[in-house]
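As written, the chain order gives the labels A, B, C and D, with residue 1 at the start of each chain.
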Amino acid sequence: MSIQETTRQALSEFFPEKPVTIDPVPEPESEEAEDGKKKQKDTPRENGIIVQDYSMKGFHLDAQINPDQLVRAAEILFKLGYYIESITGVDWIKEGQLEAVYDFSRYDFDLCRVAVRVRIPRDNPILPTLTGVYTGANWHERETHEFFGIQFDGHPHLIPLLLPEDADFHPLLKDFKA
Amino acid sequence: MSLTLLNVIIAVFIAICFVGANAAYLVWCERKGAGLYQRRPGPMENGPWGLLQPPVDGVKLMTKQLLIPGGVDKAIFMVAPVLAMFPALISFVTIPFSTNIVAHQIDVGVLMIFAFAALGGMSLLVAGWGSRNKYAMMSSVRAVSQTVAYEIPLLITTITVVMISGSLNLTDIVEFQLGGFWNWNIWPLQKSVGFNLLMPISFLIIFVCSVAETNRAPFDLGEAESELVAGFHTEYSSMGFGLFFMGEYANIVIGACLTTILFLGGWSCPFGDWGFFPFNHHVGWFLLKIYLIIFVFIWIRWTFPRTTIYGLLNLSWKYLIPISLFNLLLTAGLLKVF
Amino acid sequence: MGGYFSDLYSGAKSLLEGMWVTVKEFPQQPVTLSYPHESVKMYRRFRGHIELLADDEGKPNCIVCGMCERACPSGCISLAGEKPEGSKKKVLTKYILDFTKCSLCGSCVESCNFSALQFSNEYNLASTRKEDFIMDLLKRLEEQQK
Amino acid sequence: MNQPIELQKDETFVLNVGPQHPATHGVLRVKMTMDGEYIYDAETVLGYIHRMHEKMAENRTYPQYMPNMGRLDYLSAMAFNHGYALVVERACAIEVPERAEYIRVLTVELNRISSHLVWLGAFVMDLGGFTPLMYCFDDREQILDLLESVTGSRLTYCYFRFGGLYNDIDDDFITGTRAFITRMRKELKMYAKLVTGNIILQKRLIGHGPIDKDMCQRYGATGPVARGSGINYDVRKNEPYSVYPEFDFDIPVYDECDSFARYMVRMDEMEQSLRIIEQALDKLPDGPVNPKKKPKIIKPPAGDYYAAVETARGNFGIRMVSDGTKNAYRLKLRSPTYSNMHLFDEACRGMLISDALAFMGSLDLVIPEMDR
């Protein structure tokens, strides 16, 4: 069994109501190209796992989960041998949501890049910290915190990293005006 | 005023001139040498081959503002550079450049040089302590432990040579080696001890120790610029820094002189004592030898990375001290036998 | 004990090897160039700041389409033109390059479809005044024509 | 000398290493809590040259953002440009002509060697040896001359375009590169004698600065740092992009986990890069360097895209979120030294300051890339 399937099965414990085998539907190319704009107006994406077309997207698995499942997901991925690449946010201002994207990748030749997403309300962005699992999440979370204003619960040292120490603005939010 | 005192004053004056000129032009040599080792020309712009660079640098240093950091003990801060320069100058009094070119012959010349060398180590401690800077403090602690560690093998090896030549007087030590390079102390074959295989190694030890004593790369832990910024002279500017700089080069000359006198036969001509030109040119031979040693100093500095403090102490306590101690014992035994 | 002496031997050998490497460089000619006295020839493709190209009559090729202005990531080009009476084409009246902002990416040269821009070979551009880098390229072209 | 010593919390002082410190190569600050010369704790402070490149991406069009990538890591700018070109090409499905791919690999590998040469020189200078720096710069100058003759600039090349290149290489470049390969092989032997074999350097590096596999995974360390810890991970092999599968080259991996292993990885990598360059020159196909069909205005379809390349310092990833307009909606730059430096805080505990700074040098930091 390829690592991709192993990971998918491991992550599917978050979605008991959905059978694992149904969702590997990569969004069809044509459809996406046509209504790229339409998609944006749609309601936010539902939680679930999407198997992406690697040659088109550059990553394999795309899982959207709830904030409370995040630490568990990280533990699963850590056990499977993934390393943390980066943590970042995306500001979906029209939907009133912030999305945190966690990128994981592997050291061995079983290529599998996993993106774990979490959507949280824009006015109360709180996420659990991953520093307990991946120590390296520390700086990434600090960066996400200063750029997007996402609070990471339980983070040991949540002060701005790249911005000045007293910065109280979040420059990567779409409504930030310098 | 007695004649001897006048003699000493004149000698000190000449020594100051000699040391000043040497320090200035050794900096030029160092920079030029560094350039040539590194595929570049070195100083070029001031005068032919950049030869006017040292005076120009001197003027620059002298006209700079002397900054004293806030909150330091001024007296200690100001006395440190003087302490760095002064012992080096005094040591020159007893160094024989030739049969009669010596300021003041002291029967315990070796002892005096070591006494003042220890004072030089203190200047680093005072500078580091007085600077009120953490880097300077760490550097001075390092420098002192380094000086202590390297004075021991230096002394032991010197005692070995003193035992062989039977005198603490530097002139006597040189005169013991006169008459051709085969008589120098560097060779295993000796007049007084017969055959001592460790003598060349002793020479290496004293060479390494003089590199370490003068705080030069690869033992420049005191001023390790990539670790401690500039070490003990981090806070010094203008001539305060200039004096440290001059003191360093003066110490190099002393180190080279001492090595030459103890092991390379001082002013003696390598090809026996022929009484005609150019072989009778005694000072010339002496200067040639010390500059050769300084050339090697420069060569080493621009080749090797720096050691660490534990590497340095390991080298001293694990290798240099045992070997030099063993050599001391061996020499003492051989002296008894022959 | 054996390790003690072999360490000493191999260490000394490695040090001597290193010294041999550096001393071989000692007598050789330096590879550097004493810059103000001699200078390198710039490559044909060297990207200096941009300059205007003129046609045979000495008029700039530029037709004031403004593509370069739009292509520039840093907004350092500002140009203006006017249409003289009885002429179809616009004529360039002002072309200011704010070199303080320029990152020499060359987007402007690539975006130009009328071969009106090129990179100059100038690299001696040090100055202590900011104004020296706000360049009037039209004036520069006129000076070149003379 | 290597035994862990018991450090006392109540006898510490704080030492500010940086932002202007000779060993931090730029403006990095490490707040070290020291017990004598031993480091009790360290906290890295970043952001002194933070320029918010990610926000710039949202305000610039895709082609306009290309020059920014060279400003991230000024030493391997080519690889960063490559990564950005890859992600946009992937999003817009632009085909790259084969010749362009070969030239990309050629220039990226040349750039990798030049980057490693700067590292080697700067690293040995951290250790107190100044001369290798000059030799490295002499060699690097040859690369910069070659790249300048092609790209027109020496440091921030901005040579790649979406789907192709700024311009084609010429014969002078090819002969020059071949001459450089011969020269560089000789020089590498010289470095082996002057630097690698040196007992002082070995004593300072072997056994110092340990980073084990687990630590790499927790922090996401990549590049030579991971490869020095026995992790066989190189994006060029693990996730082949461009025409790397066409070439025969090895990924040097060392299991020692110390500073010397990382040093050796980079030294070996230079040799492997020379091999790649040689093969690329041999196999270089004819043809155009820009695609025939290329959208006039770059507007990637909405969605998430990811691309990773192996720069001289490790895995550089770009996550691009497009909303179908001319500007990126969000562009995340995952820079390698950011993760590599992160483990310094933990790894340097209990080290002597001289070892810690040597260890920092072995991580090969480029501050602008970390601060972005």
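We adopt the following convention: contacts are C-beta pairs under 8 Å (C-beta built on N, C-alpha and C of every residue); 3 or more make two chains touch, one makes a residue touch a chain.
All values reported here derive from a predicted model rather than from experimental measurement.
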{"item": "Per-chain Cα centre nearest the global Cα centre, belonging to chain", "value": "D"}
{"item": "More contacts between chains, C-D or A-D", "value": "A-D"}
{"item": "Length of the line joining the C-alpha centres of subunit A and subunit B, rounded to whole Å", "value": "64"}
{"item": "Inter-chain centre distance, subunit C versus subunit D - centres from mean C-alpha coordinates, in Å", "value": "25"}
{"item": "Subunit B and subunit D: spacing of chain centres that average the CA atoms, whole Å", "value": "44"}
{"item": "Residues of subunit B touching at least two other chains", "value": "37-40, 302-304"}
{"item": "Per-residue overlap in subunit A, given as positions that touch at least 2 other chains", "value": "none"}
{"item": "Multi-partner residues of subunit D (at least 2 other chains)", "value": "131, 138, 194-195, 198, 200"}
{"item": "Full enumeration of touching chain pairs", "value": "A-D, B-C, B-D, C-D"}
{"item": "Of all residues in subunit A, those that touch subunit D in their complex", "value": "27, 32-33, 36-37, 39-40, 55-59, 62, 78, 81-86, 88, 90-91, 101, 103, 105-109, 111, 113, 115, 134-136, 138-139, 147, 160-164, 171-172"}
{"item": "Residues on subunit B engaged by subunit D in the complex (per definition of touch)", "value": "34, 37-40, 134-135, 138, 142, 217-218, 220, 224-227, 229, 302-311, 314"}
{"item": "Of all residues in subunit C, those that touch subunit B in their complex", "value": "4, 8, 15, 18-19, 21-23, 25-28, 30-32, 34"}
{"item": "Touching residues (chain side subunit D, partner subunit C) in the complex", "value": "60, 63-68, 71, 131, 138, 141, 148-153, 156, 158, 166-167, 190, 193-195, 197-200, 202"}
{"item": "Residues of subunit C touching subunit D in the complex", "value": "10-12, 14-15, 17-18, 20-22, 31, 43, 45-47, 71-73, 103-107, 110, 119"}
